[in-house]
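Which chain is which? They are A, B, C, D and E, in the order written, and residues in each are numbered from 1.
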Amino acid sequence: MIFSLLDELLIFSAATVLVALILGRGLAVGWMVTILYGGQLLVLLKMAALGYGGNPIASELSLSVMGQDLSWRFDALSWFFALITLVAALLTSWFSCGEWERKFKQQGGNVWLFHLAMALNVFTMLILLASGDLLSLFIGWELVSWAGFLLMAVAGGVATNAAIRYITYAVVGGMSIFGGIALVYAAAGSLQYEAILIAVEKMSTGQLWMLVLLFGSGFGIKMGLLPFHLWQAAAYAETPGPGSAFLGAISSRMGLFAILLVLVKLFGIVNIDSLKIPFTLIDARDLLAWIAVFTIIFPTYTALKQNDARYLLAWHGIGQGGYMLLGLVTANSLGAAGGLLHVLNYAACQAALLMAVFAVMHRTGAADLNKLGGLVTRMPLSFLVLLTGIIGLAGLPPMNGFVSKWLVYRSLLEDGMPLLFLGTIIGTLGTILSVYKLIHNMFLGQLRVEHEHVREAPWSMMTPMLILAGVIFVTGLLPGIPLTWVAAALQTIGLTGPEITLGGIESSSGSLDMIWVIGVLFAGFGIGAVIFYSAGPSKRVHQLDNYAGGHFLTADVRYQYSDNFYSGLMHLIRGWYRGSFQWLENSITSLVEFLSLGMQGIYRRANSEFYLLSTALFIIAWVVF
Amino acid sequence: MIPGVTLELILYTTALGLVIIGLAGVVLSSHLFRMVLALVIAEAGANLMLVLSGYRWDAVAPILLQRAEQPTMVDPVPQAMVLTAIVIGVGIQALAVSILIRIRQRYGNLKRRDVAEKMDAEIAASAGIRRDISQDAPLGERPLSPLPAHTAESRGGDA
Amino acid sequence: MNNLVLTIALPLLGAFLLPVLMRLSQAIGLWLGPIILGYGCWLLGNLWFSDISLPLSIAIGGFDAPYGINLYLDSLALLFAFAVQLLGLICWPYALNQDTARRQALMLLLVASSTGLALSGDLFNLYVFYELAAVATFGLVAASTTSAAYAATFRYLILSGIGSVLTLLGIALIYSHTGTLNLAHLAQLAPELLHDRLGMTAYLLILIGIGVKAELFPVNAWVPEIYATASSRLSGFLAGLLSKLALLIILRLLVLIFDQPEAVQIVLVLGILGVISGEFAAWRAKDMRRMLGFSSIGQLGIIFIALSLPDERGLLALLALSLHHLVIKTGLFMLADGWGGSLERLTGAAKRSPVGAALFTLFALSLVGVPPLPGFWAKFTLITELAAQSEPLYLIGLLVFLLATVIETSYLFRIVAKLYSSAETTTNQPEHQNMPGLSLATASLFAITLLAATVLIAPIGDGLQAVAAEAKNAELYIQTVIPATPGGQL
Amino acid sequence: MRNLTGLLFAGGLGFMLLAIASGIDFGSPPMRIGEAIQSASPQEVGAANIVTSVVLGYRGIDTLGELAILFAAASAAGVVLGRRHTTTGTQRKGGFVLFHGGALIFPFLLTIGFYIIFHGHLTPGGGFQGGVILAAAFFLPLLARPGARLHHSILSVIEAFAGASFILIGLAALAEGQAFLQPMLNQDTLGSLISAGTLPLLYIAVGLKVGAELASLLSNLAQTESEQ
Amino acid sequence: MSEVELWIALILGIMMLSSAVLALVVKNHLAAVAAASVVSLGLALLFALMRAPDVAMTEAAVGAGLSSLILALALRRLGLWQIDSGRENSNLLSASSKGKDDA
C-alpha cells in the first residue's frame, strides 16, 4: 500500500499520540512532542497545493462497517483548518515546554496526561477535518468532543466540574447530530456526500427544517452559539495554560467547520434560505444570522464583567465565533471570506492573548484582574504580545482582525442588513471595552508590591508568543496570503471568494489594501512621534507618586483603578444580565432531578405485583378494544 | 340445569376465577405468607386451565387397555405438562416458605411494607449510604454543578 | 450432532452429582463444574467452526418435531449458548464457604437452563427451563445470606411466580387453540389460528410473564434490589445474559408466530417507558450496584426498542446491542465487586486501583457510544433503523434513546470524575474499595474483548448480519424443524 | 384505595380473559399432536399409560427439567435454611397415635409408593406420585419422633444417583448413537409389568429423586433451627 | 357428559372459588392453609372428572397433601400456628388496620 500525504499526516499524528503515551513519563517529553507537531506541520505544508486549489487528497484507508463505507480525504477547507490547528498545537506545545511544565508538575499537575490529551486533541481534530462522509464526520466529531473533555479535565478540581458540564452539553450536541444523521440516512439511504446532495433536493421543507435545527444546534453547541454557550467559558478557562490557549484558538472552530460542511455544502445556503418561519419575514438563514449577532453581543458583554483574565478571554472567544458565522451565512464573497479569515485571525489573537495571560500567571500566580497591574515595566514583551493581540481582536488596524471584520461589515452593508451591522458594531464596542480592561488591569496602572521582583516570562514561553504576534501583524499587513487559502476553501463548499491582492481584496464597491492602510497608519505614528519628541522633554515621575482625588496617599497604599471597572456602564446595562440562560439550565437540571426522583419512586414501591397486574389489564384491554 | 351452562364453561370460569383470586390475593395481601398462599391458588387455576385445554367431553382417560377397539381419549400432552407444572409449583412453594422462615427470623415480622422498608434500609446501610440523608434528598452534586464560589464570583452571571 | 444436548445434560448431571462428589473429594468437586462448562464451550466453539450447515434441528428422544421436543440450533442460538457456557465459566462462584457445593450445583443448573432457553424449540419446554433458571437464581441470590437478600429474593420469587402463572395461562390458551407447542408447528398454524384476539392475548400473557426476567418495564421492580443484594458475579450473569435469553424467547415468538404490528408496538411502548424509567432512576442512584441495575433496565429498554423493529437490520441492531450490553454490564458488575458501595466512597478510587478506574472509564465510554468502540456501531445501527420507520412512535423511540444517552453520560461520567478526583471525603472507608484481583482480571478480560471487537468491528458486523438474516427467516426455521411437509399442514 | 383498585383491576382482567376464552372451543380440542401421539405411542414407546409415554418419552426433557427444578428448590432451601444436624427442643413430642401409627404405616406407605412407581407405565400414577408417598413415608417418623433425624448423607446419595441415572439412561441412548433420552430396550407386551423399555427405569429414577428431594425439603423445613 | 357431572363440577367449582377467597381473607393462618388445601382437593376431584387420573393423583398427593404439609410446617416455624381463631391481623382485608405485630 502506498501512503498518500494524508496518510502520512495521520500516521505522524497517531505516532505523536503514541510517543506522548509511552514516553510521556520521561524527560523532555514536551520538546519531543513539539518537534513531532512540527513534523506534522511539515507534512501538511507538503500538501500546500491544497491551499491554492489543488485536488483533494484521499486517504488510502477506507473501511466498510455494517454496510457503511467510511473514507477520509483532505481538501482546501480541511487544509486551512488543519493549518491553524497544527500551528496552534506547535506553538502552544512549545509554550508548555520547560518552565511551564516544571511549575505545572510542582503544583501537582499530570504532565504526561496533559501532553497525551493535547496530542489526542490534535489527532482527533485531524481525523475530523479529514472526514470524507457524514459518518466519518460524526466519528471525528465525537472523538474531538471526548478528547477535549480529557484535556479540560486534566487539571482536576474546578476544571473537572467544568469538563463534566462541557461533556453534557457536548453529548446533547452529539446526540442531536446523531439524530440528524439517522434522519439523513433514512432519507438518502447512505451517508456519502454525493447521495445526500441528491436526497436534499427531494426533501420536504419540514424535513429540511428538522435537519437544519438538529445539525445547527448540534454543531452550534461546540461553537458556543447562543442558547448553548454556558459551558464554554469555564471549560476553556480552567484548562491548564497551553491547553487553554490551544482549545481557545481552535476547538470551537471545529463546530464552524462542520457547519460549513453540512449546512453550507450539503444543504446549501439556497435551500436554507427557502426555509421560512411561518407568519414572520425571517427564514432559517436570518435566524442563523441573528443567532450569530446575539452570540457576538451577549457573551462579549458578559466578558466585560469578568474579573479573571482567563474567563474574560474565554467569554470573549464565544463572541468572536459569532463574527465568523455571521460572515459565512451572508454567503456573499466578501462576508464568507471575512468569516473564514476570521477563524485564522482570531485563532492567532486568542492564542497570543491567552499565552500572555498565562505567562503573567506563570510569573505572578494570579489571573485575577484586581490583583494585577503595572506589569508593563516588568514584562514588556508580554505586554507587547498582549497589545498586538487585543488590537487584533478588537478589529483595529494594523492587525489582522481588522481585515476580517472589515470584510464582514462591508458585506453586511452591501447586502443591506443595517440591523445586523448595528449589532456587530455594538459587539465590537464591547470587545474594545473589555480588551481594554484586560490590558489596563494587567499591565497598566501601578505595580503591586508583591510583583516588584517579577521577571519577564522565560524564552520557552516568549518565543511562541512573539511568533504569534508576528503572525498577527504579518497577516494584517499581507492578508492576501491567507485570503488565497480562504478563497480555495470557499470553493470547496460551493461559495466564491473575492478578488485577492497581496494587500487585501479588489472589489468593485471598494477595495482594501492593507499595505496602504498600514503605511498611512505608521506615517501617522511617525508624525505623532516627531511631534512628541520635538515638544521638549517630558517629566518622569515614580510610579508610586500617587495623587488621587486631591489626597496625597502614602507610598505603600497602591491606587489601582481596577476593582469595579466600568461601574457606570455596568450600572447602565445591569438589567440585561438576568442570568436567564443560567436559569434555563438550572431548571432543566431540576426537571431531570424531579423526573428521576419519580422514577426511583416507581421502583421503590413496596407493591411491584400491582404493576404486573395493571400492565396485564391495560395491554389486554388494548387488544380487546 | 340452566341452558347454556356447560361443563366447560364451569371449568374455565373456575380456572380463571382461581387465577384472578390468586392474582388479587398477591397484590392485596399485606402479609407475606398470604402471598404464598395466593400464588399457590393462582397456580392451581393455571393448571386447571392447562388440563382443560386438552379435555374432550366424549373421551376416556389416556390409558390403553387390552381391547380390540380403543375409544377416543383425552389429549395426554397437557396432562403431562400439568404433572410437570404441579411439581414445579410445589418446589417453588417450598423455597418460598423457607425464605419466609428466614425473613421472619431476621426481620421479626412478615408485613409486606415493613419487610420492604427494612430491606431498603439494609441495602442502603450495607452500601454505606448515610442514613441521615434520606433517599429523597438532593444528591448535593449536580452533573452541571454551579462552579464553586470563588470562580462563580469572577465568572459572574451571564446575559 | 446429537451430542449438542450434552451442553444441557452434562451441567445437569454435574449439578446432581456435585453435592455427593464434593463430600467424597473436594478437589474433584471443585473442578467438576469448570470442566463441564469448559467442555461445553469447546463443544459449541467447535460447532461454530465446523462445516456443519446451520440451522439444524435435533429431536430429543428421537421423537420428531412437532411430536417430541426439539432443540433448534441456528447461529443465533449457538452464539447465545456459547455465551452462556463461557459466561458461566467466567461468573463461576469460586469462593469457598460452607455452601460451596450447593452454590456450584445451582450455578450449573442455571447454566443448563440458560443453554436450554437458547436452544429449545418447544414452548412448554422453554417454560420449564425458564422456571429452572428462576429457581436457580433464587437460590443463588439467597446464598448471599443477608436478610436483605432473603427479602429481595422473596419479592422476586413472588413476582416471577405470578409471571409464570400468566405464562402458563398463555400457553394453555395457545394449546387449546392450536393443539401443539412446537414453535415451528405453531409458526405454520399461526396465520390461520393465532392472529386474532385470542392469540394476541396469549402472546401478551407470555410477554408479561417472560418479561419479568427480561427486565421489561413495569415488571422489573426486582432489578435494583436483586442486583444490590446478589453477588456481583451473579448479577453480571443475570443482567448480562439471562435477561437476553428471556428476550430471545420473545424474539422467537415475534419472528415466528406473532409477526403482527400490534405485538411489536406493545414491546416498543414498554421499551420506551423502560428506557425513561431506568435511565432517570439511575441518574439519582447513590450506590454502584443499584445504579448498574437501573442502567441495565434502561439498556434493556433500548434493546426492547430494537426488538420492535420489523426488519433484518433491526434484528442486527438488537444483536449488536445485546452482545455489547452483555460484555459491558458484566464487566461493570465485576468492578462493582470492589466498588459496590456508595458512590461517595469512590472519591479518589483511581489512585488505589488505577486499572479498575481505567476499565470503568472504558466501559462507560462504550456504553455511551463513543465512536470507535463497538457501542457506537450498535447504537448507530439502531438509530438509522429507527429513523427509517414511518410509524411516529419509532421517532419517539429515537428521541427517547438520544435523551437517554445524554442522561447516561451525565451519571456515568460524574462517577468517572469522582474516581479521578483528588479530594478525599471524610466518610471514606477504604476497606470497601479493595478491588478483588479475580474480579479485576475478569473485568480486564471483558475490556480486552471490547477492544478486540473495536478492531475487528467490520468482520463482526458482517457475521452478525448473517446471524440476523438467518434468525429472521421464519420459513427457514419451519423447514428445518418440520422438513417433511414443506409449507403444508400436518 | 389500593385495595379497591387492585380488586377492580383483577376483576377487569378476569372479565376480559373470560370474554376472550369464551372464543375457545373447550371440550373438543384440536389435538393436533395429541392424536398422533396416541396412535404412535404404543409402537414407539410401548407404555399403556400414554401420559407416561409423553412424560418420559415425548417430553422427557421436560421431566428432566422438572427434576432439576425440584433439586434446585431443595438445594436453594438448603442454602437458605442451612443444614442443621441438631434437632430443636421446641418441638413437642408427637402424640401416641402419630407415634405408633407412624411406625405401623411406614412399611405400608413404602410398599404403596414403590407399587405406584413400578406401575407408572401401566396405570395412572408413577414417579411423581410414588415419590411423594415415599417422601411421606420417610418423613412421618420424623413427625412422630421429633428427636429422630433423617440420614441426610444417605438421602443426598439417593438424590444424586437417582437424578444422575435418569440422565445416564438418556446418555446411554446417546452413546448408542441414538438421540438423548431415546427409549431403549425392547418394549415387550403392552400392558405387562416388564414392558416399555427403559421407561420404568426412568420412572424409578424419577420416583427416588422426587422422594429424596421432597424428603430433604421437608426435613429441612421441620428441622430448621431458630437463629434467635 | 352427564347431568351429574355438570352438577358435581358446579358444586366443586363454587366450593373451590369460595375456599380460595376464604384462604385469603380468613384471619387464622392455619384455617387459610386448610382452605387452600380444600382448593387443591377440589382440583384433584375436578381432574378426575376430566379423565386425568395421573394428574388427579399427583394433585391429591402433591397439592393437597405435600403442599399443605409444607405450609403447615412453615406455619409452625413462623410462629403462626394457632388452632383457635386468634387476634391475627394479617389477612387481606386488614391492610389498613392498626399495625399489630403478627408474630
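Here is the rule we use: a contact is a pair of C-beta atoms (placed from the backbone, for glycine too) under 8 Å apart; a residue touches a chain by one contact, two chains touch by 3 or more.
Computed from a predicted model, the values in this text were never measured in an experiment.
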In this assembly, which chains make contact with chain B and also with chain E? D
In terms of CA centres, which chain lies closest to the overall middle? C
Pair sharing more residue contacts (C-beta pairs) when A-D is set against D-E: D-E
Chain centre separation in whole Å, for chain B relative to chain A (CA means): 58
Please report how many Å separate the Cα centroid of chain A from that of chain C, as a whole number. 45
Centre distance in Å when chain B and chain D are each reduced to the mean of their C-alpha atoms: 23
Report the inter-chain centroid distance for chain C and chain E in whole angstrom, where each centroid is the mean of the CA atoms. 37
Residues of chain A that contact two or more other chains, please. 161, 164, 168, 593, 597, 600, 607, 609-610, 613-614, 616, 620, 624
Among all residues of chain C, which ones touch two or more of the remaining chains? 124, 128, 131, 135, 138-139, 142, 150, 155, 158, 162, 169, 173, 175-176, 179, 181, 197, 201, 284, 410, 413-414
Multi-chain contacts only, two chains or more: what residues does chain D have there? 2-3, 6, 9-10, 13, 16-17, 20-21, 24, 26, 29, 31, 33-34, 37, 49, 51, 58-59, 62, 65-66, 69, 72-73, 76, 80, 124, 128, 214, 217, 221, 224, 226
What chain-chain pairs meet the touch criterion? A-B, A-C, A-D, B-C, B-D, B-E, C-D, D-E
State the interface residues of chain A toward chain D in the complex, per the touch definition above. 607, 610, 613-614, 616-617, 620-621, 624
State the interface residues of chain C toward chain B in the complex, per the touch definition above. 124, 128, 131, 134-135, 138-139, 142, 146-148, 150-155, 157-158, 161-162, 165, 168-169, 171-173, 175-176, 179, 181, 225, 228-229, 284, 286-290, 340-342, 344-345, 410-411, 413-414, 427, 429, 432
Per the contact definition, I'd like the list of chain E residues that touch chain B in the complex. 1, 3, 5-7, 9-10, 12-13, 16-17, 20-21, 23-24, 29, 32-33, 36, 39-40, 43, 46-47, 50-55, 58-59, 62-63, 66-67, 70-71, 73-75, 77-80, 90-92, 94-95, 99, 101-103
How about chain D: which of its residues touch chain E in the complex? 2-3, 49, 51-52, 116, 124-126, 128-129, 132-133, 135-136, 139, 214, 217-218, 221-222, 224, 226
Which residues of chain D touch chain B once you look at their complex with the stated criterion? 2-3, 6-7, 9-11, 13-14, 17-18, 21-22, 24, 26-29, 31, 33-35, 37-38, 42, 48-51, 53-55, 58-59, 62-63, 65-66, 69-70, 72-74, 76-77, 80-81, 123-124, 128, 190-191, 210, 214, 217, 220-221, 224, 226-228
